[in-house]
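The letters A, B, C and D name the chains in turn, as written, and every chain counts its residues from 1.
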Amino acid sequence: MSKVYADARSALDGLLRDGMSIAAGGFGLSGIPENLIQAIRESGVKNLVIASNNAGVDDFGLGLLLQERQVAKMISSYVGENDLFMQQFLAGELEIEFNPQGTLAERLRAGGAGIPGFYTATGVGTLIAEGKEHKEFDGRTYILERGLRMDLGIVKAWKGDAEGNLTYRKTAMNFNPECATAGTVTVAEVEELVPVGTLDKMAIHTPGVYVQRLFQGSHEKRIENRTTRAA
Amino acid sequence: MPWDRNQMAERAAAELQDGFYVNLGIGIPTLVSNYVPANYNITLQSENGMLGMGPFPTEDEVDPDLINAGKQTVTELSKTSYFSSSDSFAMIRGGHIDISILGAMEVSETGDLANWMIPGRLVKGMGGAMDLVAGVKRIVVIMDHANRKGESKLLRECSLPLTGKGVVDRVITNLGVFDVVEGGIRVLERAPDVSLADIEAVTEATLVD
Amino acid sequence: MPWDRNQMAERAAAELQDGFYVNLGIGIPTLVSNYVPANYNITLQSENGMLGMGPFPTEDEVDPDLINAGKQTVTELSKTSYFSSSDSFAMIRGGHIDISILGAMEVSETGDLANWMIPGRLVKGMGGAMDLVAGVKRIVVIMDHANRKGESKLLRECSLPLTGKGVVDRVITNLGVFDVVEGGIRVLERAPDVSLADIEAVTEATLVD
Amino acid sequence: MSKVYADARSALDGLLRDGMSIAAGGFGLSGIPENLIQAIRESGVKNLVIASNNAGVDDFGLGLLLQERQVAKMISSYVGENDLFMQQFLAGELEIEFNPQGTLAERLRAGGAGIPGFYTATGVGTLIAEGKEHKEFDGRTYILERGLRMDLGIVKAWKGDAEGNLTYRKTAMNFNPECATAGTVTVAEVEELVPVGTLDKMAIHTPGVYVQRLFQGSHEKRIENRTTRAA
């Protein structure tokens, strides 16, 4: 009954199927599950519905799945860094559902937390609100947004243990905790697998109950927008 | 003489008060942090999950796990805390951030903001902009008063799809500072040697006293 | 011979599978942890904000910052994690806990559960019970089959205010093990030397094959 | 513009008024803002509406405010440990709104997160659901619960710094992070005030933006139900 697997491929064994939905952690190229994305690409699984804030770049991150035309639909807040995305979108090969970033994050949290819907003022009066239930609370108008539960969650953490406890590092945390809770099954890749008991119990961002499988991967951690000042 | 980018940012910095929690948009708003008074304790929020954002790193400090909402590498400060995306937007949506300073394509005289989408052009997405304008206590826009064709960006009604409806409190342009008030836009300040006539000439929105 | 408290708890422990995340109610359910097979990795959740609850502390280990949902002092394990109340109930409500074993005042043949309130008596509150029965994947009740007056607690309909409607999967009483199925309650197991007639005599609920 | 105050009394200066609403952290007697409760008692403020999971015991915690009849209404999930509560309730002097524990926690989180309402299956078919909007999602019935925003949040943390960053210890965390976000103004008492920069940046449970004032207090940390095993 060990949760620990040797690599991305074995950790995904038996979990992938055409048309499934996947919540993928990461913001830009930071904190993305690089190894799992690569293994999903190699699996050849098709028609994926992916909830992820961004779509990677052409040759890294979720862009690798776009290259192979494995994605049917993205639920994202910003896809501006990916030209392949735009080509496939304009060719009608790829559907996009834009969600405001905070709404996407809250939808994933809600899905994982057993909340099928919540009201938010975000997007009221915009295209995003069209077709959604409107409701007034204390004189302000809000729209109903749905919780998102996905077939699979794929996340990248800094350290993890055999119980599935995960801890993230700096802004590489981003959407990963939400994707871990939103996945009916969640697979995590970690930079370092550590012995149970060595993580700070007050800083376990994803408790083990949310992680069914994990493995230690190697990570390129590509930087999208290197910006520096003089030393 | 109209303000340049840096002067607009400097003017925007005067919107900050000591102790404020601030979210700055991409572009000119980023420059605002250069003009914060040294004795102010201002805390920058980055919506990807950071409170207390520091300056860009030196080449040695670059860390792929430490970026801002524009995906630029940044640094942390002693007061920094990190959190997840849902926690970050709980902070934003819940009205805990004092002010957000954002760029815009268009602002209407009722405070509507358009800054995410041009129909017929490639749509990249709204990112966190809709959440920011709906949730943050005060929204200040920095933008050029007119577009490259010389057409007003301060309009009766926005022509582009909205980011938020009735959300803008104040607009800082190269020509001056403008408040969204009952009935239209009020001129609060003018850039040096910019006359009211100069402003009227490139403003479609209703100007009121 | 009907089961005693410990035998009921021992039987309930057979509901657990290796790797399960488990929430145990106050009272007899707490005893279940004494009967977990040694080779199982079972993780106990305490809804006040702890995953991986350990045994009661020795006198030296007592820590006021470390209590369970019954407000008893407990200990942590190497795998323990702590979190806030909203995170704890996100875990519960979201269906991430495999099983909850709870006490009850009444259970109906449609799986309704009453265990928080007796009208006319002092009302103390439901605590986390309503969240647990609504959110946890599988709900097993441990209770005496009849009350002190000898009246069935396994009823056609609950007479007391409900904790949850149609939420109970299985009931373990001193007389046996019962499943809530289409049409009524099915006898799954009987305690040693307890006959079906013994059960029928103190069961108001419809018994089905 | 310092957030740091000398004690509970000065930290509450100007914030209290009759009839105000207060969100108070703690579960049982663990992690309760002992010093702030005492100072509120001494202030004599009346007709309080308090959201707190429990009501303390007769002579400690929120029971101290019940002794002085300062509370008009409690929003709680369990008040069984407090006899004073029951006396005042039966005498019609005190109103109680029972919330399921998870619903109370989520209402406070939602209030702090700008979410005026959310749907939950908790309480459907029970007294709790009466009078609430019911809605079906994917074939299951849920009820609408409201976010709770309170005038004041009072919380107790383990360590805090001058920026208002807080970290809690073990299960004394409980409702404190939610109460910190739900308060329009939040005051925190900490066991130890530490220099800015010494808290683990990945384990700051309440970022400083939520805390307007804080002080270092001394804490009895009474144990409600001491349960031990043989050594």
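Heads up, the rule we're going with is that a contact is a pair of C-beta atoms (placed from the backbone, for glycine too) under 8 Å apart; a residue touches a chain by one contact, two chains touch by 3 or more.
Computed from a predicted structure; not experimentally measured.
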Given subunit A and subunit D, the chains that contact each of them: B, C
Pair with more cross-chain C-beta pairs in contact, given B-D and C-D: C-D
Centroid spacing, where centroids are CA-atom means, of subunit B and subunit C in whole angstrom: 54
Whole-Å gap between the CA centroids of subunit A and subunit C: 35
Interchain centroid distance [CA atoms averaged], subunit C/subunit D, Å: 28
Residues of subunit D whose C-beta touches two or more other chains: 106, 109, 113-115, 120-121, 168-170, 173, 201-202, 205
Shared interface positions of subunit C, touching two or more other chains: 76, 82-83, 89-90, 92-93, 134-135
Contacting chain pairs - touch in the sense defined above: A-B, A-C, A-D, B-D, C-D
Complex contacts: residues of subunit C adjacent to subunit D: 46-50, 55-68, 70-74, 76, 82-86, 88-90, 92-93, 112, 117, 122-131, 134-135, 161-166
Complex contact set, residues of subunit C against subunit A: 18-19, 21, 41, 43, 45, 51-52, 76, 78-83, 89-97, 134-135
Subunit A - residues contacting subunit B, complex: 27-31, 53, 76-81, 86, 90, 96, 98, 100-106, 108-109, 120-128, 158, 168-178, 205, 221-231
Residues of subunit A that touch subunit D when the two form their complex: 106, 110, 113-121, 135, 137-138, 140, 142, 146, 167-170, 173, 200-203, 205
Touching residues on subunit D, where the partner in the complex is subunit B: 1, 109, 111-115, 161, 163, 165, 181, 196-197, 199, 201-202, 204, 207-210
